[in-house]
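Chains: A, B and C, in written order; residue numbering restarts at 1 for each.
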Amino acid sequence: MPDFSVITQNLPYLLWGRALEGQPGGLLLTLIMSLEAGVLALVVGVLLALAAWLSGGWTRRILFAWADFIRGIPLIFVIFWLYFLLPSLFGVNLPDTITVVLAIAWFTSAAVMYSTLAGLEALPKGQVEAGLSAGFSRTKVLVNILLPQALPNVLPSLVGVFISLIKDTSLAFIVNVPELTTVAGQVNNRTQIYPTEIFLFTGAVYFLLCGALSLTVHLAGGRRARPA
Amino acid sequence: MTGVSFDFAGVLTGQPGQWLLSGFLMTIYVTVVGALLATLLAVLLLGLRIAPLAPARGLAIALVELFRNTPILVQFLFWYFAAYNLLPRSFRDYITAEHPWAVLPVGNVLLAPEFIAAAWGLGVFTAAFLAEELRAGLNAMPRGQKEAALSQGFGHWETLRFVLLPQALANSWQPLVTQYLNLMKLSSLASAISLAELTYQVRQVESYNAHAFEAFAVGTVLYLLLGLVLGQLLIVFGPKPVGARARRRAVKANRSATAAAIVGASGDA
Amino acid sequence: MFPSPVPLTRRHLLSAAAGLFALAAGLAPAAAADQLADIKAAGTLRVATFDSNPPFGSIDPSTYNLVGYDVDFAKAIAQALGVKLQLVSTNPANRIPLLQSGKVELIVADLTITPERAQVLDFSIPYFETGLELLVPASSSDALSSFATARIGAVKGTTGEQALKARFPGSRVLSYDDIPTALAALRNGSVDAIAQDSTILAGLLAEAPDRAKFKILPDRLSREIIGIGLAKGQPALLAKVNEILVGLEKDGQAKAIYDKWFGPGTKFASPRSFTIGVTN
């Protein structure tokens, strides 16, 4: 028989970790990491898409190679590279949480790049020519005319990317960064006999978070947006 | 690592080399079994999703949303530590008993709780994504086809199997391939439930002789290579849209969806 | 243009791989000249310790602070150095990489001294002693030999994993990220036994609500001498840590920490069979 008292007893820890001591954890840290990584991935991804749109030939090929490389290996490897190997190679030592945020942002920026680029290239070609003949530079056409149209169009798929990113923060578990999955693992390790209750609760929290986002897009975007 | 000297022989030969080979094969095994399971479950989900019965559709939507919106790592932990425990003890004892016939070359064992949980977890998670891709492929088809098939006396499942599915597969093959490749990459997380696949073995080599950089580099290259080969195989042997009109339709259908597919696909964990 | 679902062309792959190695070859690891001086300058000592392995390191259920035998030693060392302590919680699999990547200066996490590990890190003098044992279901046989071909759970990056492979080549060793996770697998019947230090097993059982269903086999697989791990080539830090450990033994702090976690009346009560600084 499920006994959810293990959840109620550990609820503050699962929800915000040691936030009162200045060390946010649990769901709160999941949210913080998601937002940080999300903003970073959005900015970098859009810039990459703009660069890919503006450039041809080798630059574009290198951008795609970069994005494909990072998407071609499991995220867990990206985290390992940054977490264990970056410090030993470069001597750079970032806080654990930041390292994971950077890994996830780097990984996700490739997806943002693809989404944004698809949005840009789906726009009618005539607009570019019209803009150019009106005397705008290619960059101006891109930033002032195309991007403002493309971003709303790809918003649903960007929210899809963000939902993936939220789920990806669970991989911080691998390097003991105390976000939701990690603290759930800690509570499970300590109480030992309630894995069903603990993992059902953890799954439910992610589901509510991601499902709500997905539903919002669905309602706001109507039929055009595929649930992401 | 102290000092920059690389010893790739230290991870590619002897016991470490053996481990990496065995892990690489295990990644292939769990990917293949997981992908087959995912395909079967996706067809089932799709059938429910377009069924004439509202409760069936509701069930399909609920399952798809549930599996898409929770991290696969949490799903793995749930299947392995919680759900597996609910199976009858006699069944679990059978699984863990010694089965010499089930031991593959290099000592990989597929009839084991960690393999079953991993393949099942990958299958269920990916099925939810495959079902949505297939539905997008179906939506790109003319509406009349389903009605025509039904009016000719085909039942719901026959219509799905013989009329709708082949076209849905052809229409959405590209995003589907992305999902299969994603399944392969996500199998790396099954190392958390003790499946001795490539990531698990890379870490084992690292803790055995501390060749962290070399082990991670070899693992990274093997995942890239596997993705490359698997992707090419699926594209070459996969269905192709029939005729120019179908291809245009497929492209159109994929256009809005591709971005979402690429991302939805590659990032989900 | 839409991206191909095939993630890479061959050229991409080669250039990526080439880049990877160029990157690695061009950069030398930032080897600190004298970590002891760096620690004093930074005013902070970073120590890797467990977060799920009582009594060595675990999260206190009421305060959510890290507590344990290793945590107390880390505190005592930081205090003796006159610097602040920063605990980096980890698990057995990650502790050595944490040290190697320079994220911590010390590993105080029930780390067994072994020749293989001594090739990549240095050890302090021992500050604890234990032995590798098997935890099995209460209904199992008491003989170690009956587990020679069993499925045995171990923990990634521990000596148990290696010791089992050497002692029972016919067994199937399944490694988990952490010790309670391995016990969860034993509970499920996914493994027939788990191998771990006797003290950790005792700690695990003491916390297990269903402890009556398990037992620890009386025979040891091996004797485990536990030391503090630190980076190679740091003679000043090594000497200082050893000096502090001997000092803690002399002023009775080491024994006090032992008694707090393993003394009579504690959950893990067992007699202290060693004295720090005295080889036996």
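Operating definition for what follows: a contact is a pair of C-beta atoms (placed from the backbone, for glycine too) under 8 Å apart; a residue touches a chain by one contact, two chains touch by 3 or more.
No experiment lies behind these values; they were computed from the predicted model shown.
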item: Chain contact topology (line, ring, star, complete or other); value: complete
item: Highest-count interface - the chain pair sharing the most C-beta contacts; value: A-B
item: Computed distance of Cα centres, chain B from chain A, in Å; value: 21
item: Distance between chain centroids, defined by C-alpha means - chain B, chain C (Å); value: 34
item: Centre-to-centre distance between chain C and chain A (centres being mean Cα positions), rounded to whole Å; value: 32
item: Residues of chain B engaged with two or more neighbouring chains; value: 1, 81, 85, 192, 212-213, 220, 224, 227-228, 255, 258, 262
item: Per-residue multi-chain contacts in chain C, two or more chains; value: 2-3, 7-8, 16, 24, 27, 29, 97, 100, 181, 184, 187
item: Multi-partner residues of chain A (at least 2 other chains); value: 69, 71-72, 84-85, 88-89, 114, 118, 185, 188, 195
item: Chain C to chain A touching residues, read off their complex; value: 1-3, 7-9, 11-12, 15-16, 23-24, 27, 29-30, 51-52, 58-59, 61, 64, 88-91, 94, 97-98, 100-103, 178-181, 183-184, 187, 207-210
item: List of chain A residues in touch with chain B within their complex; value: 69, 71-77, 80-81, 84-85, 88-89, 107-108, 110-112, 114-115, 118-119, 122, 154, 156-157, 160-161, 163-165, 167-168, 170-171, 173-174, 181, 184-185, 188, 195-196, 199-200, 202-203, 206-207, 209-211, 214, 224, 226-228
item: Chain A contact footprint on chain B (complex, rising order); value: 1, 65-66, 68-75, 77-78, 81-83, 85-86, 132, 136, 185-186, 188-189, 191-192, 199, 212-213, 216, 219-220, 223-224, 227-228, 255-260, 262-264, 266-269
item: Contact footprint of chain B on chain C as seen in their complex; value: 2-8, 10, 13, 16-17, 20-21, 24-25, 27-29, 31, 93, 96-97, 100, 116, 119-120, 149, 151, 153, 156-157, 161-162, 172, 174-177, 181, 184-185, 187-192, 231-233
item: Contact set on chain B toward chain C in their complex; value: 1-4, 6, 80-81, 84-85, 89, 92-93, 96, 98, 109, 112-114, 174-175, 177-178, 181, 192, 194, 196, 200, 203-204, 206-210, 212-213, 217, 220-221, 224-225, 227-228, 231-232, 235, 254-255, 258, 262
